[in-house]
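My questions all concern the structure below.
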Amino acid sequence: MTSRNNDFSVDQFNRRQVLTAAAAAGAGALAGGLPFAVRAATPPTLVTSIRSLSNPYHAVWKIGADAFAKAIGMPNVTLVTEANSEKGISDIKAMIAKTGSNMVLSVDPNNTPDARPIVEACFKAKVYVVTWWNKPADLHPWDFDPYYISHIEFDGVTNGAYISDQLFKAMGDEGGFVAVGGILSDSAAIDRRKGLMAELKKHPKIELLDFQTGDWQSQKAFDITSSWLTRFGDKIKGVWAANDSMGTGVLEALRAQGLAGKVPVVGIDGIPAAVQAVKAGEFVCTTTSDPYWQGGIGLSIPLQALQGKFDPAKEQKLHREFNAQTVKVTRDNVADYIKNNVDSHPNIDWNNLWDRVASPIVYD
Amino acid sequence: MARVLSVDMATADVADRIRPYAPLALLIILVFGVNIAEPGFANFSTLSVVLADASILFILAAGMTFVIMLGGIDLSVQAAASFASMVVAELLPRVGYFAFPITILVGLLIGLASGFVHVKLRISSFIATLATGGIMTGLSLLMADGHTVAILATGREQCLWIADAWLFNIPNVAFIALVVAIAGMLVQRYTRFGRYSVAIGAGEPAARAAGIAVDRYKIMAFGFSGALAAFGGAALAARLSSGSPDLANQLLLPTIAAVIVAGTAITGGVGSIGRTVVGAAIVSIVRIGMTFVGIDIFAQQIVFGAALVFAVFVTIDRSKIPIIK
Amino acid sequence: MLRVDAINKSFGGVRALRDASIEVRPHEVVGLIGENGAGKSTLMRILSGSMRPDSGVIAVDGSRVALRDTHQANECGIALVFQEQSLLVNMSVAENIFLAQEGPFTRFGVVGRGRMMAAARACLAKVGLDIDPARKAGELSFAARQMVELAKALALEDRTDAPLTILLDEPTSVLESKDIAILFDRMRALKARASFIFVSHRLDEVLEISDRVYVMKDGAVVAERSADVSSVSELHAMMVGRELDGEYYREARQASSSTDIVLEARGLTVDGVFHDVDFALRRGEVLGIAGVIGSGREGLARTLFGFLPQSAGTLRINGQETILRSPTQAVAAGIGYVPRERRVEGLVMDMSVAANVTLASLKAAMRHGVIDHRLERKIADDWIRRLGIKTPSSAQVCRKLSGGNQQKIVLARWLTARSHILILDHPTRGLDVGAKEEVYDLIRDLSSDGIAIVLTSDTLEETIGLCHTILVMRDGAITARFAAPAGAKPTQVALLEHMV
Amino acid sequence: MALASQSAPPEAGADSQVRTPRTKHSRAPGGGGSVWRARLLEFGPLLVLIALCLCLGALNPSFFSFRNLVWGLANSAAIPLILAMGATFIILMGSIDLSVEGVLSVGATIVVLLCINDSNANNFGWWGPLLAIAACTALGFLNGFVHVVLRIPSFMATLGLWFVGLGIGTVALGGSAVRVLDPHIRALAFERVLAFPLPVWFAAAAFLFALFLERRTRFGRYVYAIGGGEDIAELSGVPVKRTRILAFTLAGFFTGLAAVLAVAQLGQANTTIADGRMFMTVTAVVVGGTALTGGWGGVGNSLVGVLIVQVLANGMVLLGVSPYVHEAVQGLMIIAAVALSIRRGGSLMIK
């Protein structure tokens, strides 16, 4: 597949040579947006917009995006919202204005509502866009043909359920456990909790002692767990964390009491710390949406659409709005996972756009 | 000797006359600076983006200005705005356009509440508003179990006027902000409240001794702050066509920055809505300008912080701050 | 030992000191008198190192010294005793006495609390003040604070071998007479250790305590007298440049007040401040309240403006019973207040003259519910003209005006507010002769316009000279009432015996 | 001549008078009663704390369990207390330090990157923490310098450094959460001495150190003097500028210490490691009864304040309060706590 990658960049290269003149003309043309004719010429800017770089998950995301851009030799820019919806939207609009719409966008909206204005802005500016994780239920790609190509999520409910199931198994299917969730209003947090609750019903002998929120942050999870340990003491037979950052916080609080490894912990995201913990047997499991892949594919899809490699409008609905597969990291596969994904980065076929499509997104 | 004196005064007055324009000058320099670094910034489409961004920020900052000019601070704005976004989202489908005035009214009330806690319980505004903000966050979380409340197609009609309406290619929010700005300036220049808030900020004991009902006007200021925060929140909700308990997160610091960056003194007494207009613009230009110029995102916060300090350094009128704390 | 030779100092072209020269000999108390603005305070500032002269020589024991800051002044054995405000109320007496002088008690950066307390006790003993130096200064009476200031100055003894000169700037202005007596005893006792420069408005006191008296006028030292051969009236004559006579207080213009009562107090009481105060204030009457600090007169004045809520008794305004809970209500009831702390409570210093004039009655400058700036300017200009306020324009910020003009602006505010009762709390404090006389004129005008005035003043002369009626207070109660019609004024002595 | 005396710059005048209303109103001559009230008020926060503890103990006995007192309270209070120690002196001067979070994340970053970690090959052992503390101290100094020398109100100056600090942290970490693997560092958090984990001892030491500075050194005196009346302090020859800068530097030092412990506890550094610390610190200091206007209060109050805030947080988990209302409850409790304990005598003006 590496070879195909090369082809990709090569033909890209040729096209660019042919058009350098035009490009130069375009560049010289005017300060504002470039006229359409010229636009196609200069290579489009690959734009990624994510929440922030202060968490491992999005940091890896950026690495993936950079890797892809490097592979095909195109300029790429990463924007961060710093958890500020206004900033996120304005930055994207600014990029559209700056590149004169000659860009593609892969965006993880800071907040569910943000998706709409972003998509509308792209649609108006004829910019191909892929959204991740967050979007209102009534906003659909096919309503913005062809520019809003896809919305991709990772089924929080099944993931939440999966790690719960793993946790309960590790607990021997009985006893009490505590759960620390993400930012209350965050859709992923809500789904993962939903999955937990669903799974809980299937295990009558398991008792949820308490549910608190750690706002995705390890420090908060740490403090909460410390208090829990004093409140429930040995009643805690396991801890469910809605993401790995909090999971590691929990783990450290346990470690402080010499409970690390004795009380099983589960999380989601597959950040290095968590993966190592799985290896050490302190984490039961974690699942990851593979942010490295997200970073690349999120740009590859709209780019190929822009290059006319496929027509989004003609794609099947499943490709427009879907849950992608997640990678599950457990005791069994942790070794390989570390080898391929932590120590190095996998070779991914950026042209194989739809190979991780798992299931349609269902809104209730 | 009187002559000599008047000369002294004259020179002083010159300085006084120049100083107010420092913020504006800074703003213009910024625009040109960014434009030189990245031609194509100072064109219509980009600036209108900046405008849209600055507008919401300004609406929030305008309210904050009243409070800061009284020497207080309102840390509850982002909580209030988020809360308002929830309220408006809940109301729009039911009552249509009335949702907006009602929301602003709600904002006014919670603002007054904050003011009351601060003034009557005599808790410093820093803590009082921090606490009331927390309470509001709690409320908005309870409203929909922390879920985001989407404004459905029906309600969205009533949002367009803020959300995506453009007049001569200028986003409507900008005009709304303009209205707020003008209203704010008029209030400051032509009403009791405006006059008294300067008096209280610049010399509270004197204001008391002149028979001004200091407490009442302080509470009013917080009321305005709350109302405008709510308005800002409503506008946000309209643009994003839904409300959420953390919709306005991270807006607090930019809001404060927008107020003080143009020389309104955190100690009170000095400042104006006009300055805040410039301030909001400065903050947005710096923020978006960085993206535009392509400053490494890792470094953006550093630049922002440094820019902030520099701007304050240039713009504040120290002669009116007896002791710099 | 301390010589000040031909000192000059100007501010923006105004000469505050012209060739001022004085000399202080060992073990003596030198009185320094003069109207405000005569240059006393400037001279004090220069001696205490907080201000530099433009020219002139200061010499200690014949050797010339430069006093760049408080520290150097201290090195030269010169210490300034401020008024009571200059103690930090949030710190202990000991900490105040040795503020920024902890060196002697500090070993390896550790301030020895015990040693400092002991030293503080020693200092307090020198001034015969028996209090726990660990107490917070804020808990002390003004008199005690004054003594602490003195002790602070004496602490200098241990730090310098230079002969001690202590500058007492109006130390008695806030003291009750029994405390003044104590202070004077101390000073006499301390003459063995130090010399004093004693600045005061109260000529009788100056004569009582000083050995020699310097008289200043218009920035120059106009006379030196030996205390035992001089008299109050002579000193006054030299200060003011003319004999003290009724004309000074415009007695001729003292209109006989009408009979209708505008403000009436019956058994008015504020717990812990004053009690059972009865009086009636008539249209056009100037009612003086005499009394020392702590007599309750300040409290009474502030109560009449709603600062302190009354705890008992009744207050009738124009025959109508009223309870004033806040200044706002007082203003609404037609009362105006000219505070003693002009810079703090009088004006918003950084606002324009116009804004300050209309501050209490913005309505007057409003049309259709909004401020009409032209109208406001008109009002302000009108008063600027009528009261002869010296200012470039009504847009000038008040900070830049002189005290006299600032005071007029405060008055203009209440006239704009149509207050028919004015409470003048030390209205001439900090004003020079000229400004004072203008204020006296104003007060006469007001009273003949039928405005009723309650007056508390720095000096008895002023009170006697200006008032129709004088209430004397002591320990929170009224001890005497005097009618003071023009030409039949009571004497200071008569008042004093009821004050102490 | 009229203008002569008046146009003279009132060296102390203007502001020494500013204080008179305070002395006048709050302590009217012979107002002996108010003294007692002030005395009582000084214990207000303590009473609030005791009341809180008793209530919680009644509602959930395990509150008083040794384990909770050690881990749920003492250990979680350690870092906030250390931060509060720095903030106290600054607030005593009437200033404020908003930069805590920025500075702390810088410190954390340095520790992690210099000690054995999973992102680079460094192993500077104890130099890591030491350099981190040094760097934070330097940033604190920078705060004071910008504030004093450029004459920018501390609020703005430190607001700026808040952003700068976070930025530096993000740059250095490249966003990822870096884990510290050096066992000695981790030991700082987990080693127990007499049943108490080390952080508690560090906090205790920091408290005693701060108490010492406040009670026994000139610096402490000067801080109170500046808070009580900067102009008078200046007149009396107090080195105001130096003291101010020193106070901010000191705050930087404490923040650095806190950063080291935070990393030790969490076993990693990320840029969100300090989230919410600043507001929490200021709240704690104020709840403890130190006035934002300066001059009144002290490190003792801050200790109580920190404990109040911690007990609140701990209590809400112990009682299983729904996460939805956490912030609301906290807000209400804080209003109540401050309203009950704040010093009213101090000043007419509350800003």
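For reference, chains read A, B, C and D in written order, and residue numbers begin at 1 within each chain.
Note that contacts are C-beta pairs under 8 Å (C-beta built on N, C-alpha and C of every residue); 3 or more make two chains touch, one makes a residue touch a chain.
Since the model is a prediction, treat every value here as computed from it, not as a measurement.
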item	value
Chains in simultaneous contact with chain B and chain C	D
Farthest-lying chain, centroid of Cα atoms versus that of chain B	C
Whole-Å gap separating chain A and chain D, where each centre is the average of the chain's CA atoms	37
Chain A and chain B, separation of their C-alpha mean positions in angstrom	34
Geometric centre distance via CA averages, chain D-chain C, whole Å	41
For chain A paired with chain C, centre-to-centre distance based on mean C-alpha positions, whole Å	73
Contacts with two or more other chains, residues of chain C listed in rising order	12, 14, 341, 344-345, 349, 390
For chain A, residues that touch 2 or more chains besides their own	53, 184
For chain B, residues that touch 2 or more chains besides their own	1-2, 5, 141, 145-146, 205, 208, 298, 300-301
Contact graph of the chains (line, ring, star, complete, other)	other
Pairwise chain contacts under the document criterion	A-B, A-D, B-C, B-D, C-D
Contact set on chain A toward chain D in their complex	52-56, 58-60, 62, 181, 184, 210-213, 215, 217-219, 222-224, 226-231, 233, 245, 248-249, 252, 255-257, 271-273, 276
Chain D-touching residues of chain B, taken from the complex the two chains share	1-2, 5, 71-72, 75, 117-119, 121-128, 130-135, 137-139, 141-142, 145-146, 204-205, 208, 253, 256-257, 260, 265-268, 298-306, 308-309, 312-313, 316, 318, 321-325
Touching residues on chain A, where the partner in the complex is chain B	30-33, 53, 77-80, 82-87, 89-91, 93-95, 97-98, 111-114, 116-117, 120, 136-138, 183-185, 187, 190
Residues on chain C engaged by chain B in the complex (per definition of touch)	12-14, 305, 326-328, 330-332, 337, 339, 341, 344-351, 355, 359-360, 362, 366, 369-371, 373, 390, 392, 396, 400, 413, 417
Of all residues in chain D, those that touch chain A in their complex	60, 62, 65, 67-68, 71-72, 75-76, 118, 166, 169-170, 173-177, 179, 189-190, 197, 262, 265-268, 270-273, 275, 313-314, 317-318, 320, 323-324, 326
